[in-house]
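What follows are several structures.
Heads up, the next two complexes both have chain A, just with different partners, chain B and then chain C.
So, the complex of A and B:
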């Protein structure tokens, strides 16, 4: 594989997030801050989870339920953090609106709110992609490639890049849907996001376990 | 509302990922280094390395400074190769391949296609138990090894019958190849056979498994090592009167092979070394050496396979009366008895050995009589000692040749297990291992030598015949030594070796190696190889006389000039014993180490062997390695890069489109 392929895999995983960043996020500094803070929050949640699960890993069990427990607890924790994120955002929104009233500028539009949600989701997605895909890509820059027995048609790195791309998309749009759901009180939307996240996580874990 | 539009998109990506995620698998690996290890398989192999001499080079090397990367295929499909290939060959195919490369016409095969295929850039040689049985023999060296050193003119005589080609020149080992050649271990052979078969089947054109050869060779160091001599009984340095005639028993401890790290040389010459060590052990149990009229000196030489370096240098130092050989005088050497290959002397219960003599003289006749008497005293052992055929042109290739060239009146006998040509079908090849010799033959030779030496030293006096019957060789010692010096289990980590030294390697290799640093008679022990150090300690221990006072502990040298420190490398076990055992450096007489560098001396008329000495040196290298991994086509890599760039740009356009659509829909900004 070579440097060309390594860059290709990195772009497959993170190219669209880069485009989104350049097209939408970079225009408004507040959104950049949102991306960074949500990335940080997601990484902290991973650290806390790994700290809690450290005592039980590695799971050498052949039955499926310890893995299921791992995924359910991780996803549950992250969804809980999403609600927390929402609450913090709500407070921030009130503060910003009050400030806008004071200086006589318009309040936050719907597009602004959605953009903030998008930025939050992007932060989560980028963190996932970097953590689960980019960190594996170092051997991809060397001369060799790697195929797994389960799927001999595609190199392992391509599979991991595509999965990372899918997760970036899921995370980015989940935040938008969730914020919308919380704002409008729409329970379908509110439950849609955690369910999708959970099922995606379970599927990936079950395939690799 | 907007979320509703987004949801189908999300579900699409979700399902796409579901399908793909069933194909991911990370369970067996826990980290990136594990992933890297499973991508690159390191193959253990024995390389053929580059050696250089005065007139040119031999051996194998990568053509430049880069690693050679080529896809692996089997040799039989060599004719339809379209790209650079690393071929997987068996041993007989190797001979064929290398003969084609050097355009040597093979004698018994009429080959239409004598051109070497230019797409072969690397060679991997299979090994396995069935290969030895399939081959009649394999010897990569010449018909008359080191013929230029022979003290007689018939250099066309064929001592080694396993070499078959028309031209007299050298065998495959003594030619230069500009591509890497590796001998695989047995486990790697099966693995690479699978890889080669997979490469044949998978014709999708964009992935292939390749081998990466790292065999980059550079400047050089001279070949050489350290020979060991020991005297029984120990020579009293302080006494100036030293005139007992000397009987010299010689064996050599180095061999050669096409693949440097697999030179065991079990029959040629290690069987001789084992006999010498066992004979010394048997003779050490005899008392009263000081009362006998003659002195025994045991000499174990190294570097003999690469221009008789050990013997030439020893004789040179003897002439120079150097410190390391003090106590010896070349005029006192009455008789030279050399033990050559004796490991194959056993067939149908009878052990047969042949004596090759330097001519007719009283000393030679005495020695032959002693051997006869020893043979008779060992009636129950079924040993037969025969004279070699008179139609032989002279003595076989052996260290005695160097003695004869120095002094043509030397009386010497070489004891071998063959008569007119080698019986060793694997002379100087990696197949000359423990399975090629018989321990009973070695024991028989040792018994013969031990008793003959006693008879010679005691001047054939019947008074001592009762002692003769008590000289017996320890069979279990021979078997233990075979396990230590000729196999990897237990190898040099066996009890006997670890009792004397701290070995650097477990698997023994009898390749002479290079001279590191300045050659000296008291070398830094880290520069002396394991077998030399073991032989030194073994001989010093066996030839030592017991001390009256308690032995003193030592870690390097002993204060008394007559004493040496054995077991010095084992912590706390070093002890001073009275023994005369010394190292003698073994390197070409054409070289001199001066102010940090090696210089080649011009040929000297008094040194006839030096004029024909090729002066072998070994190339320095950084690392030698062999890796196998799967690669993708260059086109595939570029496809991935373009795919990544496309995805990025496409995403940008979609976002820009979505943004303009949203702004239009909201009629804002």
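So, the complex of A and C:
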């Protein structure tokens, strides 16, 4: 719809994460590296999922259960990945603490750990926004726009930008909640995150059906 | 606030050098992607007509079959790698015969050619695209000044480091943009061939880059080359953060000698084995300068450079602990050594050839779609991180190209074949997770 609209959509999806990045993460280089590695991990999980589902695409859009299956399998896979991320993070924390002892600096504070979790979640969120929203925005820089049958009131790009914004928030903070839950053994927190993820995915799908 | 009284935790400074090298690489890639996406529509017709050394064996047309294109691309890459190998051996010979002045003059000359001619042509493309009103005289004056300052920035180490870094990134961007104008199959096969060449040239005992590096270490000289140097990390207790003061501190320290034992924090790469070896200033130094191959067929004396010598072996500068023996003869060499002296205290250096080939990969991915750009960018940065960790582990010269290029090509193929269909399908049906 013009370059201005395209940039607008990109900022809707990524604006808050950009401000979070500039305010919190850009000051500490380690967090920048954490963001990059968690983005990479999310991308790898997406590639694996697409490899598995490639044979079944394109899905018929009339029945709803293939999509449900897709969502459940994808969310399950990503939550499993989050547990893996947690295990790697535990080992990383031990290494960092040992290193801090050797260098003579204090060990990781709680805020440091939460910042690492925030950076990890932000990586996931940014990856989601980039691959589900930004990469499809190239046509939006042109003079026309595109509407989807299921929601003809708004251009498709606006819909995907708003949903991407919501998912960025979910991803970013669910990592913090999940890591806190795993660290303290708090099962409500631990189950809260995958449930929210799944519900969000299903609700988005069913609202548009 | 209570926070200000808390002592700084390690999270504040850990990984700083890695980020300082990833940032310019990312900026270079971003600029190449922007250039490619702005200018891509114009050049699709004219690129096949440009005779370069990389298309000397076969120039791709749209109508050939895939197998023909692949074989043609393979031939092109073999020719290119052969030329690059020959030129690197010549460079090793020149370095062995101590013709360093010749090499330095040649370096300055190629920097001038890249900035003036390639930069000028790209500027002309941009003016054409945006209908920017500018007259010839103004343009020539600005271009000439730009190129001359660039040559000075590359040559003279007393230039402000930000200017030098900026010019190196610009040179990398310009050369990378020209490489993306090659035909598609040739570009991809060329990238893989260069990665393999880099692997062979640095690790094999007869590899030219390895010979060059060993010569440089044994003589304790520095190879005159285009090298990007990240700002050295100074932690709060060792010196002020002011650039000027730091420079003096480093050069004095160099005269006084090693004692790199105190320099603990600056080399704390997150490999966990922050042993004593990391203190000795691990440097990704680079092999020699350019070779500049003029093609007789090019219309306006346009030069395509065989830049493979810029592929970066990563060197351990532990040997430079005995840098106090001053053998400098001539002020220019003194300047060069002083400039590189910053490196021996822990700043990471990356050869410009790595910038160029990473940006070529990402630029070529940009010609397909932006999704491949993101995937390839992440793959390259991951490869760079892996290479830095391997460097910290092995403590010897390592090639920086292979891991990143292989990961980049792999991710490009996976994204193009698998991911794109999946994501487009999901988004169209508003299935998001």
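Couple of notes before you dig in:
Here, the second predicted complex is superposed on the first by the 196 of 209 C-alpha atoms of A that agree within 3 Å, B and C clash if a C-alpha of one lies under 4 Å from a C-alpha of the other, contacts with A are read in each partner's own complex, and residues count from 1 in each chain.
By our rule, a residue touches a chain if its C-beta (ideal position, glycine included) is under 8 Å from a C-beta of that chain, and two chains touch if they have at least 3 such contacts.
Worth saying up front: this structure is predicted, and the values here are computed from it rather than measured.
Contact with both chain B and chain C is seen for A:138 once the two complexes are overlaid on the shared chain.
Looking at the shared chain after the overlay, A:5 reaches chain B, while chain C stays out of its contact range.
Of the two partner chains placed by the overlay, chain B and chain C both lie in contact with A:167. When the shared chain is aligned, chain B and chain C each come close enough to touch A:150.
In the superposed model, A:204 lies in contact with both chain B and chain C. Once the two complexes are overlaid on the shared chain, A:15 sits against chain B while remaining clear of chain C. In the superposition on chain A, contact of A:36 is made with chain C only, not with chain B. Touch criterion not met for A:81: it reaches neither chain B nor chain C. Within chain A, the residues touching chain B in one complex and chain C in the other are 58, 109, 135-136, 138, 148, 150-151, 159-160, 163, 167, 200, 204, 208.
Listed in rising order, the residues of chain C touching chain A in the complex are 6-16, 18-20, 22, 264-265, 268, 270, 272, 274, 369-371, 374-375, 378-379, 381-382, 385, 411, 414-415, 418-419, 421-433. Here chain A touches chain C in the complex through residues 27-33, 36-37, 39-40, 43, 46-47, 49-51, 53-54, 57-59, 61, 67, 70-71, 74-75, 78, 95-96, 98-100, 102-103, 105-109, 112, 115-116, 128, 130-138, 148, 150-151, 159-160, 163-164, 167, 197, 200-201, 204-205, 208, going by the rule given at the top. Residues 1-3, 6-7, 9-11, 13-14, 16-18, 20-27, 30, 32, 35-36, 38-40, 69, 207, 212, 629-632, 634, 636-645, 647-649, 651-652, 655-656, 659, 662-663, 666, 668-669 of chain B touch chain A in their complex. Those residues of chain A that touch chain B in the complex are listed here as 1-2, 4-5, 7-12, 15-16, 18-20, 22-24, 58, 109-111, 114, 135-136, 138-139, 142-151, 154-156, 158-160, 162-163, 165-167, 169-170, 173-174, 176-177, 180-181, 189, 192, 196, 199-200, 203-204, 207-209.
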